Amino acid sequence: MQELTADILSRVITPRKSHSHKGDYGRLLLIGGNENYGGAIIMATEGAINAGAGLTAVATHLINLTALHSRDPEAMFIDWRDQHLPELIRKMDVIVCGPGLGVNLQAKKVMNILATNVTEKQTVVLDASALDLISQDHQLIPAKGKLVLTPHQMEWQRLSGLRIPFQTDGANLAAFKDLLLGREAILVLKSNQTRIYDLFGHQAINPIGNPGMAIGGSGDTLAGIIGAFIAQFDYSFDTISAAVYLHSLAGDIVYKDNYVVKPTALSKRLPELMKKYCAKERKM
Amino acid sequence: MQELTADILSRVITPRKSHSHKGDYGRLLLIGGNENYGGAIIMATEGAINAGAGLTAVATHLINLTALHSRDPEAMFIDWRDQHLPELIRKMDVIVCGPGLGVNLQAKKVMNILATNVTEKQTVVLDASALDLISQDHQLIPAKGKLVLTPHQMEWQRLSGLRIPFQTDGANLAAFKDLLLGREAILVLKSNQTRIYDLFGHQAINPIGNPGMAIGGSGDTLAGIIGAFIAQFDYSFDTISAAVYLHSLAGDIVYKDNYVVKPTALSKRLPELMKKYCAKERKM
Amino acid sequence: MQELTADILSRVITPRKSHSHKGDYGRLLLIGGNENYGGAIIMATEGAINAGAGLTAVATHLINLTALHSRDPEAMFIDWRDQHLPELIRKMDVIVCGPGLGVNLQAKKVMNILATNVTEKQTVVLDASALDLISQDHQLIPAKGKLVLTPHQMEWQRLSGLRIPFQTDGANLAAFKDLLLGREAILVLKSNQTRIYDLFGHQAINPIGNPGMAIGGSGDTLAGIIGAFIAQFDYSFDTISAAVYLHSLAGDIVYKDNYVVKPTALSKRLPELMKKYCAKERKM
Amino acid sequence: MQELTADILSRVITPRKSHSHKGDYGRLLLIGGNENYGGAIIMATEGAINAGAGLTAVATHLINLTALHSRDPEAMFIDWRDQHLPELIRKMDVIVCGPGLGVNLQAKKVMNILATNVTEKQTVVLDASALDLISQDHQLIPAKGKLVLTPHQMEWQRLSGLRIPFQTDGANLAAFKDLLLGREAILVLKSNQTRIYDLFGHQAINPIGNPGMAIGGSGDTLAGIIGAFIAQFDYSFDTISAAVYLHSLAGDIVYKDNYVVKPTALSKRLPELMKKYCAKERKM
């Protein structure tokens, strides 16, 4: 079990090339935010934008358009009932689905559109409600493309059938293989010491983070950061590990002076932290 | 009559355990905010989130959804006419009811739903319009659960029948017993020197605070802080006293450099102040 | 002609008494903001709240509710078509009418409600479109109460008939008397050196301010500050002069480091400036 | 080919005269922002306001009103379907059209209204979708007035027919002449080294900027800054060059400490940068 250190950031966060444009940093779509949980998709979006996604679009309930744009004009919007959603999904590099999605019929419809439109080259990050929906119906797992699953322990229990006390590394990996063998898939199992697994046996543990982050929205923010990292860098065990580490590192910096780590406060620290740990820049 | 000092903060604000998650810091529901007073419930929400509530939901008029999420994506939303409100109430640890609630028929309906759904283990903080509604109709006092009442002097006059000049400690306590004997209940009587009473004879006075806080929204913010403290720590005389003291302390810090203490400015200081006064952290 | 100095601030901005509550700092209603100019009433509101009004309510087009609360939850809202508007007007200490009001039929209706409901003890500040409306129809001038008019030079031309080059002190005063003799009224004639007149012959000139403030919204913000000052302190030549001076002083401070003085940036400086110049506090 | 330096800022950004008012700094209208891309017109607006436009109005889809005012109350709003749009266009000094406009029927209608209402003295900045629309239909190029075109390389390919590798200075100028000979027109060809051309053979290259600016919204922000500069200063090769340089300079300052340059973060730096480089002020 590899213990993550700040080195993972310098390995993954490479300096941007001067001859580049926004398309080079990925097209990211975030799906989520129903009538009740619009804040969740906004927090995921703020994680993504601050972590450097080139182009960020959000598919959500129409009711969330204004709050989204009020906070984050950088994000494009699409009503998740819009008939162009399938077409938009196919144009993306990475899709993060789940924050504030809910589990009602509309959520299932959206998941189904996602599941049937993802192609080989795309990556889908499934988080929060999306994990509960695939727990209920494995048909909602996208048939193609690379996958990242980001359950917390209770979501993983529902998805894997493993009760929390039995979520050992061995059991987790076995359950993960049961679920997704033959796919390119990475599991981010969130807890106070988040663990990351792939199907080839790579494992990592994140030793940092703090209990001030125990607040609604922390996980949504992480999902956005992971999406942005894959969009900009690549789909790899290291890239996803770096996203997890960065999220906790930003949280620890906020926590130094604050009893509670608001997810929106955490996101604001990302651009400066990424700069600080960017590989080549540090050598200069 | 105990005079509160900063010691109350260090006694109450304990360091968070590393093996903890958002559920450990309470499920808090704030109810209020009609077509006219949406700002009040937003200010209460900002008090709660910045004071560290684990999960914060807001039941309010639909018209307030977007402003709430624009400012505070950390909060979940429910339309207060939603048929799932009773079910949501029953899942909460603490419910704060009143900021911007108003006193019309819809407000009474919501109060009635609250009154009939609260269970033994829950705490209800009644503030602002909720106090006026129970003045008119004692049936609207939740039949079960622990209570906190947070009237200012004029609201207490309407609720207790005691005119302001006659609001002595003895008279206050007697009226409070008349109203709620046999219940677990704490009274926070707001004035320029807020007093706190329980039914066992504990009394405390808050010597700090300042007249820059004499602006609409100060009380709403306090209600949110009290709710968050109960949700995270416990329901006790000390915990509620600490919330009152923290609110004034934050106000005093803002007032040092500002003629007026905007409630939203006060809330922003809470995370750092709680960190500063957190018991164990200070010893390290 | 008295030239204003910072002394006017220390004379007017008195320390708040510790035994005071929000009602002591005035009930202020701002009226304005149609479908096109919602930003104007928001900027006026931010001037008022940051300048210390105790209770601030806003009567505006329903479409502006959410943007108002997103920025300023401290403000209460009322749809200006609401049948309770007359009743609300009668409860206020000060009413500022005009920012973003427009001049269509709805605007006239609102002005008419205002004109017929204001009572002796109240003060009305007429700004922007409200001045154009009374230019067209003197019946829209409130029949009772104290008045403040805050035209810029072009609005004053339309109201007084005096073309800008002919707006000398003598001519201004004569036209002002023509318009409002027998009333308690103060004229704030805005230009790069704003002049203030009352009907008793008091005159003052504001020597500070800067051309970075030449941006839409500066005047709206001033109207809000004037309203808040009257609400908190009193209706007097000095109080209104202090509001004018403070607005320019805040603008000059922003201008020191900024080419343009955004009205919203100006408003943010008010609480600290008022603290700095508050009379008694400085002696301590 | 002239290489731009900071001198261009000091030449263009002149100190404001004390006897001036908001009308002296131009009337600017920004057109764009459909149901999906409301954020784009907001970012353009923030570029314009922070770069000092005297009066800023925004014609956009009604759905964007609230997010616009929540962020930027300084901006006036008009529904782009409003029958008064032609009249408003005719009152403006500068019109920026394109950010988030989209290319559907409604977008074409708006472009057509613009094309047929612009007069000799006005300047139109065409950006983003507006460039794609005129690529498809040259009739949508305003028949009168001065023009600025701000394509990135791919938009220029669609407009000029020149594939990116063939976009040499000579070819660019020839294509630009083909398109707009006989007009007053300036081309801002955006890339990692933006080039500026007029039809008289002036050419300039912007050597600064950075890949952190490769994020959706950078171009929208630049369009707003260009509009504000023309509105305040003049329509000239230098003025537009200064706007381009300032945009990159602000981006470089943000990039020093941040891995990604959020357009909204860039805009916030403009007022202080303009102050710093303002010609006369520096000599004092």
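We just call them A, B, C and D in the order they show up, numbering each chain from 1.
Here, a residue touches a chain if its C-beta (ideal position, glycine included) is under 8 Å from a C-beta of that chain, and two chains touch if they have at least 3 such contacts.
None of these values were measured; they are calculated from a predicted model.
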item: Residue-number overlap at the chain A/chain D interface, same or different (half cut); value: different
item: Of all other chains, the one whose Cα centre sits farthest from chain C; value: A
item: Where chain B and chain D are represented by their mean Cα positions, the distance between them in whole Å; value: 49
item: Whole-Å separation of chain centres (CA-atom averages), chain B against chain C; value: 35
item: Overlap residues in chain A, where contacts from two or more other chains coincide; value: 66, 70
item: Contact set on chain B toward chain A in their complex; value: 13, 16-22, 24-25, 49-56, 65-66, 68-70, 72-79, 270-272, 274-275, 278
item: Residues of chain A that touch chain B when the two form their complex; value: 35-40, 42-43, 46, 63-64, 66-67, 70-71, 152, 191-192, 210-212, 214-218, 255, 257-260, 262-265
